[in-house]
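In the two complexes that follow, chain A is the common piece, with chain B as its partner first and chain C second.
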Partner chain A sequence: MEINKGAADKIRVAAADFKPLSADPQASSEKRVFDTTLFSDLSSAGIFDMVSKSMQPTATPGSQQEISIAQWASAPTSASMVAFGNLNVSAGKLVVNGFLDDAKNAQYPLIFTKMYTDEATDDAARQVAHRFADEIIFRLSGGVPGIAESKIYYVRLMGDGVKEIAEMDFDGANQHILTHLGTDAISPRVSPDNSRIAFSALSRDGFQIKMYSLLLNRPVAFPTAGGSNISPAWGPGGSQLAFSSSRLGRNDIWVSDPQGAMARRLTSFGFDSSPTWNPKTGSQIGFISGRTGLPQLYTMDSDGSGVTRMTDGGYASSPSWSPNGQFIAFAWDRKYGPGAPGGQDIYVMEVATKRWIQLTNGIGRCDFPTWSPDGRHIAFANSPDGRANHTRIMGMLADGTDRKALTGAGADMPNWSWK
Partner chain B sequence: MANERKTEFMNGQRMRTAIVAGAAALLMLTAAGCKKKVNDLPPANTEAPSSVPAPTASISADPLAIDLGQSVVLNWRTTNATSVSIDGIGQVNVNGTTTVSPANSTNFHLVAKGDGGTTEANVRVTVRIPEAPTGPTGNDDGNMGSEAEFKANVKDLFFDYDSYELRPDAQSSVSSAARYLNAHPAVKVLVAGYCDDRGSAEYNITLGENRANSAKTALVNAGVSPNRVRVVSYGKERQFCTEESESCWQQNRRDQFSLDR
Partner chain C sequence: MSTTVIQHRNIATEERFGGGMGLSITLHLLVVAGVGAAAWTGLMLHDRWGGPEANAGAIQASMVSAIPLPQKAAPVEKSVLATENASEAPAPPPKVETQPPPRPTDIEVKAKTQPAKIAPIPAPAPPKHPQPTPDTTKAASGEVATQLPMSVTQVKNGTASLTVPDRVYGARYAYYFGIIGRKVAQSYFTDGISAIASNGKSAVVVFDIERDGTVQNLRLYQRSGSPTLDAAAMAAIQRIDTFGNLPAGDHITIEYKFDFHTQ
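Entry: the complex of A and B
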């Protein structure tokens, strides 16, 4: 079996430029954003063979009546599916009608049509394009939702040692800072329902778990405990939070409810950090432990039993369990030590067999892999020269191909939303 | 070596097969050849340099006060500077650290020259002559003690790579710190554990915690009441030195003591 399936196995999709229904000059800006975003989302989904815009018919169909579907089905376009529609701006409102046609079904080509209304801004046009793209991906990929509406939470390096929690769209657009704490805020982890971000921030009492509400757009209370309290991780139901706490002296993995109550300790060797739940089952937790020396990747049942060491050496960090429950992505420096060759790269391990593949090589220090909700992509932090302030966020397909920078320097610790 | 490489490669091949077999749907979707296009990628750093910005400069010394014969680490940072000099040292790199052992209290005066002008920065290192009283005076039980006195007696501890065990040099520093703290029972101490900037940000917080706890345990064993010692781990945040060199990493791998007011 081979991984490099040709483009012939993919559905060939044409995304027509949308037809402007108004002469409003503002509409041209939004139309450009919409057309670009739609094409980009469908391309990056990784399941379509996109028709180059230069191969498309010159006509710009705005509705089902206006499209000549045979024109799109025949060479050189040869599309199997055509996404098209119209876009109208009036009275500060953006109205988009999107259509998806099966070009091979001349008699009843329409698969679905949907109307979207929003404010007449470029941001709204981008979000509407994401929603339309996700609908197309959902329909054509056998029911796996698209990720165009997903977000990536991350740490923005502000200078002077200050780090704040920030948010961006899955493609790196729309970057903005959420917290204004003026301290080191690290390890953001968004809740499965996108309502809260758990993170860890430096205070007079050392690192403490903090909570930020995405509904209220402000920090909300979370109790302070003794010692260092770091690396929170949401259970898939959103009712449990795992984290590392040294409240009893050394850092162990603890689990509490999302309010920080009912805290109980799962491990008791010390040196444990960076838990990640199996998001499929919620019955296992991966974590990093230095109990035998350099930090290694471990898994255990979510009651603390069945601890299993997964890596056989080196320096492992930042595990992230895949949405289908089958894999753990993590950062690994297999020849760790002063002067040792090689570097810290992103690896994926199959949990059942402990077999692994290396996804990055020779691009500098890599850390903090995080899976897209559909499991097809991985975002991670990368510093080409190893310097902390040069760290940026990259995206790639989950087999390590098609790597791209999502941010410039000054962004670290990405965490992809659950949906 | 060649064998191991080959094994890894085989592992990778088998793994790819396993992934394909195990998640055919997923893999069909991640198959190579698809093009992910990302538009609108504003760089995270949007501050464009203006035409000729003035240089900025800062210099720090640690510790700020030493006994005669001891050394102090100078650490300076500049931006937009083409030429940097420090009085008494001469021309230096635009960013750097160096260890000096001044014979008298010294004002280290840094001048950074750039196309946008000249900026100066200063740090004063106090050198105590041997006759000066540095030890506990024994009659200030209710006294918090002076910052300089504290610094002179309670010194940073340095650690080996990826280790939280006290080295012999750290053991003697702890003994001196414990003598001072036992003579000044009103003084409370904050132990901050730091790590160098290699390795995992999250795991390093646990390492810094263990380093701070090592110092606390040693102080408690030497008779200091545990409730006078508070520990905090900074992990690899708030780096003291940001060069990628062993001397710099060593400065970062430390327990730093301060008065806990």
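Entry: the complex of A and C
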């Protein structure tokens, strides 16, 4: 019988250093990358109370037979769960055996064991650690997949003043540029199946919606329309694309299929932009509208009916709907105007009740929040001194805690992948 | 022509003015003379105040021995309406003898004694799990009633305890039921529960968890008697999309008991 103190306490997990099975000098580099990545993935998941490595037993168990589970369950380790295993490099192959044990269950401690095989490189070791961490998070969080394999797409400010679309891992590692358009490419939005990125780029026809295929690694065709076409947003099925277009004079929300065909207009009052779909149902769209003056957050049904105003004032921008459909994160300057107190910060509003909380405060201008696929994290753009070229991407838990920078200066408009 | 008229008028005005002037002086002189005559008559021909005349009027006073005051009326003795004799005043209330204040020396002061130390009576520890109430309509040998819960979670205002009828399964995959307990506690909201009506009551819900972790066949197994507690217990399970894949097996049945105690 297990007695839990309450809902708030986190599962205490110990991540042991993995045991190297070979004396290969290359293995030590991969082992270090693997151990570091696993520990950081588990701690940044936000649902575990990680045991500090200094509190762990000195023995390094490599398999189920070698671990003395009572040693890990007792103080000062006091772990509920232990992740451990072994790592072997031979003939350019990396083989990792991972175990997860329930330290409270002396009779049947083993929860699962996994074997991973990959190239013997640091990148591969990091990927294996991500997958093992995802598996642990998936098992222990009750069915919510981990995010260790998710990506963040963002805008990289290049040295020559242009903006290109870039990609990185969820923890900020492995940053690289995707597009080479030599122009301003903004608002990247990845499709739900991670196959394409829709974005808005400045061309001789003004801002136009563009497509980039992640499978072909090149831009693919998307029709050009009159006026300025900005802020694309994928519907959760991947069969619809919402965006803001001024092809009929004023900026309205339009919806088309992913090929840009069958475009139809949803709003008609003008000054509407930044659509975001309810990813859970696909039947609602949140958007920003300046129809009553300063931009405010609105929601409507995906056919354009039932428009509801959500914010009561200030200057709202860049909404992002949470994966479970319960919340909308957005940037808000509640006291907008010259000399007004406060600044632009990240807020989260519960859609059903319109109750909101403020997540950031006093760290400079914040904008472009985006939810992680598990709904537990939010990435956003932050400029500590308000200057555009100092903007960086930050990550935090969805309650505003555990905030850390994912990139250096020169990164903006993050968009977290759907899985 | 107009000049001639004005001159003529001036001549006429001068003639009339010369005659009236003599009359006016004469009249003024007559008035002055009259006033002087009147003043002389009034002052000279009158008696002087305080003068030496012997027959001047005076008050005569003569001394007497007694002043003739009016007679005093005899007091009316027989009148019932008014009397000058004061009636007898009512006797004052009898004086109550006051107790003299106790002197400090009257009260015996006990010598200070250390109270004998009594070992605190150990309060009976609250049961760590809700005691299963014997169901009288069933045989007492039923194993469900005597089974200890797999996981007991302290929630706001009470406890939530999970029982797995399949005890072997429960012991083998204990961690999974810890996850279930944690998820249910997170989605169990006590705000809507009427504290007065629900205090000390328990609602039991039973449901199956399918292979993919979804909830099926959710039903209220035992009503608590408080509809708000019943609804909150049902909603706690209904809010959960999935508990995560089952570690093994096709499905398991879970019995969840929500006890409510105001703190």
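Here is the rule we use: the second predicted complex is superposed on the first by the 410 of 419 C-alpha atoms of A that agree within 3 Å, B and C clash if a C-alpha of one lies under 4 Å from a C-alpha of the other, contacts with A are read in each partner's own complex, and residues count from 1 in each chain.
The rule is short, and it goes like this: a contact is a pair of C-beta atoms (placed from the backbone, for glycine too) under 8 Å apart; a residue touches a chain by one contact, two chains touch by 3 or more.
Keep in mind the model is a prediction, meaning the values are calculated, not measured.
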> With the two structures laid over each other on chain A, which partner does A:T401 touch: chain B (first), chain C (second), both, or neither?
Replying inline: first
>> Just to be sure I read the superposition right, which of the two partners does A:M158 touch: chain B = first, chain C = second, or both, or neither?
In response: neither
> What is the contact status of A:M81 with respect to chain B (first) and chain C (second): first, second, both, or neither?
Replying inline: second
> Does chain A have more residues touched by chain B or by chain C?
Replying inline: B
>> Just to be sure I read the superposition right, which of the two partners does A:S273 touch: chain B = first, chain C = second, or both, or neither?
In response: first
>> Which partner chains sit in contact with A:R139 here, chain B, chain C, both or neither? Use first/second/both/neither.
In response: second
>> Taking the superposition on A as described, I'd like to know which of chain B and chain C A:Y108 touches: first, second, both or neither.
In response: second
> Residues on chain A in contact with chain B in one complex and with chain C in the other?
Replying inline: 1-7, 141-142, 144
>> Per the contact definition, I'd like the list of chain C residues that touch chain A in the complex.
In response: 128-129, 148-156, 171-175, 177-183, 185-186, 188, 213, 240-245, 247
> So in the complex, which bits of chain B are touching chain A?
Replying inline: 8, 11-12, 14-23, 25-45, 161-162, 197, 199-203, 205-210, 213, 231-239, 242, 244, 246
>> Please output the residues of chain A touching chain C within their complex, sorted ascending.
In response: 1-7, 11, 80-81, 102, 104-105, 107-108, 111-112, 138-144
>> Taking the touch rule as given, give the residues of chain A at its contact with chain B in the complex, in rising order.
In response: 1-7, 9-10, 33, 36-37, 39-40, 43-50, 126, 141-142, 144, 156, 161, 163, 171-173, 175, 184, 186-187, 202, 205-207, 227-228, 230-231, 244, 246, 249-251, 270-274, 288, 290, 294-295, 315, 317-318, 324, 326-327, 331, 336, 338, 348, 350, 353, 355-358, 367, 374-377, 386-388, 392, 395, 397-399, 401-402, 404-411, 413
